[in-house]
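Below you'll find a set of structures to go through.
What follows is subunit A paired twice: with subunit B in the first complex and subunit C in the second.
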Partner chain A sequence: MNDAASGARIGVFICHCGGNISDVVDVKRVAEEVGKLPGVVLSTTHMFICSDPGQALVESVIKEHALDRVIVAACSPTLHQMTFRRAIERAGLNQFLFEHVNVREQVSWVTEDPVGATAKATRLVSAAVHRARHLVALDKRRIAIQPAALVIGGGVAGLVAARDLAQRGMKVTLVENRPFLGGRMAQLETVFPTGEKARDLLAPLIEEVVSHKLITVMTNAQVVNSEGVVGDFRTRIRVTPRGVNERLAYRGNAIAACPEETVNEFDFGLSKRKAIYMAYPGCWPPMPAIDWHTCTKCGKCVWAVGGKGIELDAEPREVEVRAGVIVLATGYDPYEPLYGEYGYGIFPRVITLQQLIRYLDPEGPTGGQLPLDGASKPRIGFIYCVGARQIEGVNQRQPDGKVKDYCARTCCTGALHAALTIKDHHPDATIYNLYQDVRTYGRGHEAYYERASESGALFLRFDPRHPPRVEKNPRGDSPVVVQVQDLLTDRLDVELPLDLLVLATGVVPHDISELVGMYRCAVGYDSFLLEVHPKLRPVELAVSGVFLAGCCQGPMDITEAAGAASAAASKAAALIAQGQVEMDPFTARVNEALCTGCQTCLGVCPYTAITRDPVKRIANVNQALCTGCGTCAAACPSKAIEQAGFTDAQVLSEVYALLADRSGAVTA
Partner chain B sequence: MNAVSKAKVAMYWAGSCGGCDISLLEIGPHLLELVAAADVVFWPCAADFKYHHVASYPDGYIDLCLFNGSVRNSEQERMARLLRQKSKTLVAYGACAISGGIPALANLATPEELFARSYTDCPSVDNPGGVLPRTETESLVGELEIPHFYPQVLRLSDIVEVDYLIPGCPPQATRVWEVCQAFLGGALPARAHEQLAGCTDKSVCDECTLEKRLVKISGFRRHHEAIPEPGWCLLEQGFVCLGAATRSGCGALCTKVNMPCRGCYGPSGEARDQGAAFIGALGSLLNAELEARAGELIDQIVDPAGTFYRFTMSDGDLKGHR
Partner chain C sequence: MADPIAETAAPSPDGWEPRIIAFLCYWCSYTGADNAGTARLKYPHNVHIVRLMCSGRIDPELVTTAFARGADGVMVCGCHIGDCHYISGNHKTMARMPLLRRTLEAFGIEPGRFVFEWVSAAEGEKFARLVRDTVAGVRALGPLDWPGRLRARGVGHGRDLQPWGAQP
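Up next is the complex of A and B:
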């Protein structure tokens, strides 16, 4: 082992943290005990070692005593490790000849026992001394950043992120796996809180994106594989052929000629579409696409357009995109109620809010007509929080074994907005809102609640542990009847015959398990992607260089999704602007003399950083790809891989010191 | 060593099967070269030497002593100490002397369990009185004392300072002769600290020619249960082959004839604990996404402790019962 073990000159600094540590830990005592260890040249305490005078002390002591290792026992390394690394570097020492010991969060804050705390602190710092003897100087890795971004998902969030990045001069590739851009927003009719038409808002944004010369848009495109790390992600993208090209002149003829029909997912099953289809009026790209699952390649569309513009035999192609940063904007899916949940699936007049919005859309499946079976004074009910804020033990578990216990945030205002739209068309309709809480939290959202109340809509509040029951109407004067106990009238049992029941369904993350694996994303309990910190680093994933935009991170309305997308774009652009990333040097290195080329390590590296050198017949670690996870070092049966910063000598000396008997005698 | 007096060599057989003695004979015609260049002053297996002969030698009289076998009883310990005293260079020869070898598998049981098994419980034993060996026995010629049985099988280095280790069960003759040549040529410094000889720094995979296909292991088989596909890495085929975690020097003899490596040369590279090193590697080679599946696969391995520590039970972190 090439550790510089002997002859170390170690300086130890123990922080009072203004009493945070010293009120429990006898820091003077710790300094004294540790000061007796061989190699410790100086061991002292300081009131606030992270303060300017504290850092200055560290620097001057290093020079004065010619220290070559420094140990600071203080707060958590996440807080101040960098502070001290920089300080010792200013004093001319390599920053990795430093050990940080946490005696606050892991000692003084977790006990009131001063004797035990002092003993534990002493032991931790002693272990650091043993480890420090084996530290060696290391150099940071520097990786140049590709000035390009890959945005995955072409909903409003992905579109905004792509536009903002391009506006900052970055090259952007936008990948959408459906044949058309726009995401879920395109399926909305008018949007709260402005009342503008969703697709009217989308159109100029899409136009801006597709016409920007720095943006390449790929639709029908799936990410199949990704290699590399921040600065240089290499992503393989498979583009499924559209089946249609620009030369198609009579698209209406082609669609009309197609004999194959399938459920139209854009209308949530309320209508059918052909195998060759356009998703929605004004969609981009403005030409049809062929759905290969439905198409039988009968050739009728080709014949109908005179053979021009349709390619039934085009092959998928794969391209590699190199990008310095990745923005994930893969959005959400509406919650699909379980069969029988509030009568869903049993009664055709029980529909979801998403379906209601499609019905209300003048360009939708019914031209804006609701399925009221001719009822003159329609009675329409809404049940809120369906597939949201569920309670373990009350609600049935979802297929993933969990209940959806989070608030979906868009359904309250969305449902009220829809209810008001209904009122506009059917002033004589009676609207019943069966809710747990009305959470019109956003700016301008409360107005929907007020207006709904004023419009005469009725509000009945139910206890989530006793949700409403939906049954067939025995009298037959309406398709369904809902029984609900109303908390607002002291638990009066109310029976509501309804012509239409709308389930204000929540949202779930779109299934991106393959991307989660590829980019090693953190996922929260609610299955949405998890940011590093909700307040301080809200649009970053823990994987460096990967950012979050929109509803892949949790339920958001368009305002929030677009805001998050802009934030992600500016964080990503700021990273690219640095030109290079610095990375810790704790990578795996193969000892060529010991490696046999058994290839055990090849399969274990989660980052595909290891390849086999065919000439030397041994393993080789790509230092740019290695994240220092240490898996290979553990797997190598010959211990031929050493991880810088975590060598056997370093780790074992620390472990032995921690396990040493109370007299302080250690075995290594 | 000088021209006038020939070098003195010795070979001793402690707790082992005798294969090591045979492996020294296996150097064949070179044996003649060896005895031409050196006097054999102690080799109970090959010539009639008694304890008192050795005791009468001056200290450091023997230039090279090859000590094979583990230390399981008081006689073996006494011989180890005596030979250390009389030898300039003491070599732990073979797996038993280095790390306990096959005898050390007994470390998984207590002496009481071992005695019960050997002298009463074993189906082929007829011992109605339940007689167990005793250290002292009255006989016609007076009280006899046989060596004391130790609770554990120990390595030679647990008893005395050892200069060199020649691994293998047994060490391969060609490698043994190489070490002898080095000794005779004066290239082997008299004192060293447990320095390996007669082997390489790499693992058996280095000398093995079977092809890796980088597929994960989907199930384990023992070699009497299936015939391996020729040319393909045995471990990948599910035969527990310890080659990757075993020091090379043998010339990959076993895998050349499609037998999985049993690990007799001990840990490779910088690994200290062969069993742990192999387990570490094995864990990453299983075709199992889920822990439960990994558990099922591991359950297919018969006698994991005896398999992974077959030759190193006295050596690794798993020191048998205690």
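Up next is the complex of A and C:
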């Protein structure tokens, strides 16, 4: 019997999580069953054990009952393990005399059968009780934090985060994978609720960022690999050559000379651009870039500028950036309607809100003219909630097999703002708004709804289960006709011939599946990145040292994205300001009596942390280099290496307990 | 095809339920399993996760011990090659587990009872599918009762199996 603490006094706390757990798992029953186990002094449940009163309860009970082991069965340890470790440390107990059992993400949320879920939760908690008896006090290790940040994404959120970090004296690397800064905001014309020009707002922000001494900006740069943990992330970045350098004097000539054209993504396909191009007038960097997918390296641009400033043969280069913290600001993509969704792709006069905004932009593809084919009293319709608040069984599933059931939050005000802009240019236009609900929730947003109503725009409310139908106009007096059942007039069937139909499209996360894998980000059911806690830790990922800024986390308007970015920057700066991070002490330890000096462990260690002690002729683990994977412990043929926190006794006691009713009693 | 959840969640007529132990690395596969939870994917309750820091910690004896203690199936999951939080811990897993599978086969444990797959932090759907498939496969194979089989063959001389030497 090598029981580390046969007389252990164990306390078990099982969380309801406000019903998230207790709606499926009978938590009282689990507490009752586990309470019968030897050594368990107290077994109880709590509505929110992570709350302040919950933590206070844990602390007081530890003192009151002189507990020396604590078990909390709640959400995933990635969320709250640290919360409880800190709580029990406040109560005077070593924080590693704690076991966290995951009964939410791995039981209540994934199990339909309450009986099976309760049985599974009981087994998992009793396994933790058995394991807890073998826990020993451990000391945290501390490592220094690199006083630098890596911000991924050069849109408004990334720019704000980079600026705020630099203002606090942090070194920042800002990485943007497109050749130009500004992101989605640059594609807007004017913004609500101030009516200012989007690019006029961006320009000083970009200027502040690129001219800051502490900020290094990399455009055309992709993150290819990341190693390390909080305090020292080592990220490899591939910089695709721009193809153009500062010596380029006649950029207009170079662009004019290019014979290759492709779809202009900046205008959402409404225009074409050359292979050598600038995103928009006044963009940063203020020089063109070459799109290597379109460029044929014909050399006409080189010839047009007399050979100066264009390099067609530059090779991509890779750089390593070391940073203590990472801020993800990877943004969103507008929802691209499926072919035929409200006639999109079939009728050229069915466009998205983003395309409408490009049309309305005086610097846009048509100089601010709408595609109305000269209609004198244009009839323009908006359909709201396209690619948002979709209903399973009514709306077609997306390629990922889901429907977009969340509210995209920006399109209502965005569409009303655009409708009012149209009214300014075309006072005799008739605007029809076909909506489910108008959600102008933000400060100053309701004014757009009011002004649109006052301007004579018509509002027709449709039942989301019977969305409008878009068809070719059989009479030919307009490009399309929309059939809609209007709830406001007791389901009157309305037929609207329209010159232009605008789909107020939603927001989907930009595809960052590679980054998700690299930084081990949690992803929500809606495919956006998931914060640790929506209220208490809204801009932190569960992975320590990685922060969220802007629309990678969910639909936000610019106000909210900038706010989130500032929050992420201050959380990141606070972490750097600590100067050091604490590391788990789960390192390998050698039992000198058992080690035979066979050196099997030397070969398996990924960090070359193990050497052979030439005098004792046994293995020696360098605790500073060991990161605590435990690979050597698994390889040792003499069982001479144990991983602290994951010793054979600890792991096996868990396995034995999970199988207790299968092979007889677990002795311990 | 019938709904896999309904198919696997229904208990067997004799009340037997597969008991499966899953050894998961913390950084990818455990987070992947959490990901299945946050996405509210459903899978049967038979799989019990044991968390380790790296799949490289998974000593093959952990797996044999689980079987020897009465598990009907064992799952081993780690980060994809190239994604290991500890650079190359999973390379050792990749070397050990296929060898272990052959050893288990030699012991008479059907290959379907031992599942070894990479699951990344983003692959909640893969994890849920893997659990459903594993439970369905083990259910089809029926109870293993390896301790009973070994005792019947005189292995262990009637004593409880203690492959690890001292009982923890």
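As a working rule, the second predicted complex is superposed on the first by the 458 of 668 C-alpha atoms of A that agree within 3 Å, B and C clash if a C-alpha of one lies under 4 Å from a C-alpha of the other, contacts with A are read in each partner's own complex, and residues count from 1 in each chain.
Quick note on the criterion: a contact is a pair of C-beta atoms (placed from the backbone, for glycine too) under 8 Å apart; a residue touches a chain by one contact, two chains touch by 3 or more.
The model shown is predicted, which means the values in this text are computed figures rather than measured ones.
By the touch criterion defined above, A:Leu57 reaches neither subunit B nor subunit C. When the two complexes are overlaid on their common chain A, residue A:Ala635 makes contact with subunit B and with subunit C alike. Legend: residue contacts after superposition of the two complexes on their common chain; A:Glu112 is shown touching subunit C, with no touch to subunit B. Of the two partner chains placed by superposition, only subunit B is touched by A:Asn591; subunit C is not.
Between subunit B and subunit C, more residues of subunit A are touched by C. Using the contact criterion defined above for the overlaid structures, shared-chain residue A:Leu312 touches neither subunit B nor subunit C, since it reaches no partner. Of the two partner chains, subunit B and subunit C are each touched by A:Asp648. Within the superposed three-chain model, A:Val604 lies in touch with subunit B and with subunit C [touch as defined at top]. Judged by the document's definition of touching, subunit A residues 1, 604, 631, 634-635, 639, 648 lie at the interface with subunit B and also at the interface with subunit C.
Those residues of subunit A whose C-beta lies close enough to touch subunit B in the complex are 1, 591, 593-604, 631, 634-640, 648.
Looking at the complex, you find that subunit C touches subunit A at residues 5, 9, 17, 19, 21, 27-28, 30-31, 33-46, 48-54, 56-60, 62, 65-66, 68-71, 80, 83-89, 92, 96, 120-122, 124, 128, 147, 160-161, 164-168. Within the complex formed with subunit C, the subunit A residues making contact are 1-3, 76-78, 102, 104-107, 109-113, 116-117, 119-120, 123-124, 127, 134, 227, 229, 513, 516-518, 520-525, 530, 542, 586, 604, 606-607, 627-631, 633-635, 639, 643, 646, 648-656, 658-659, 662-664, 667-668. Residue ranges of subunit B in contact with subunit A, taken from their complex: 201-206, 212, 214, 216, 243-245, 248, 268-271, 277-278, 280-281, 283-285.
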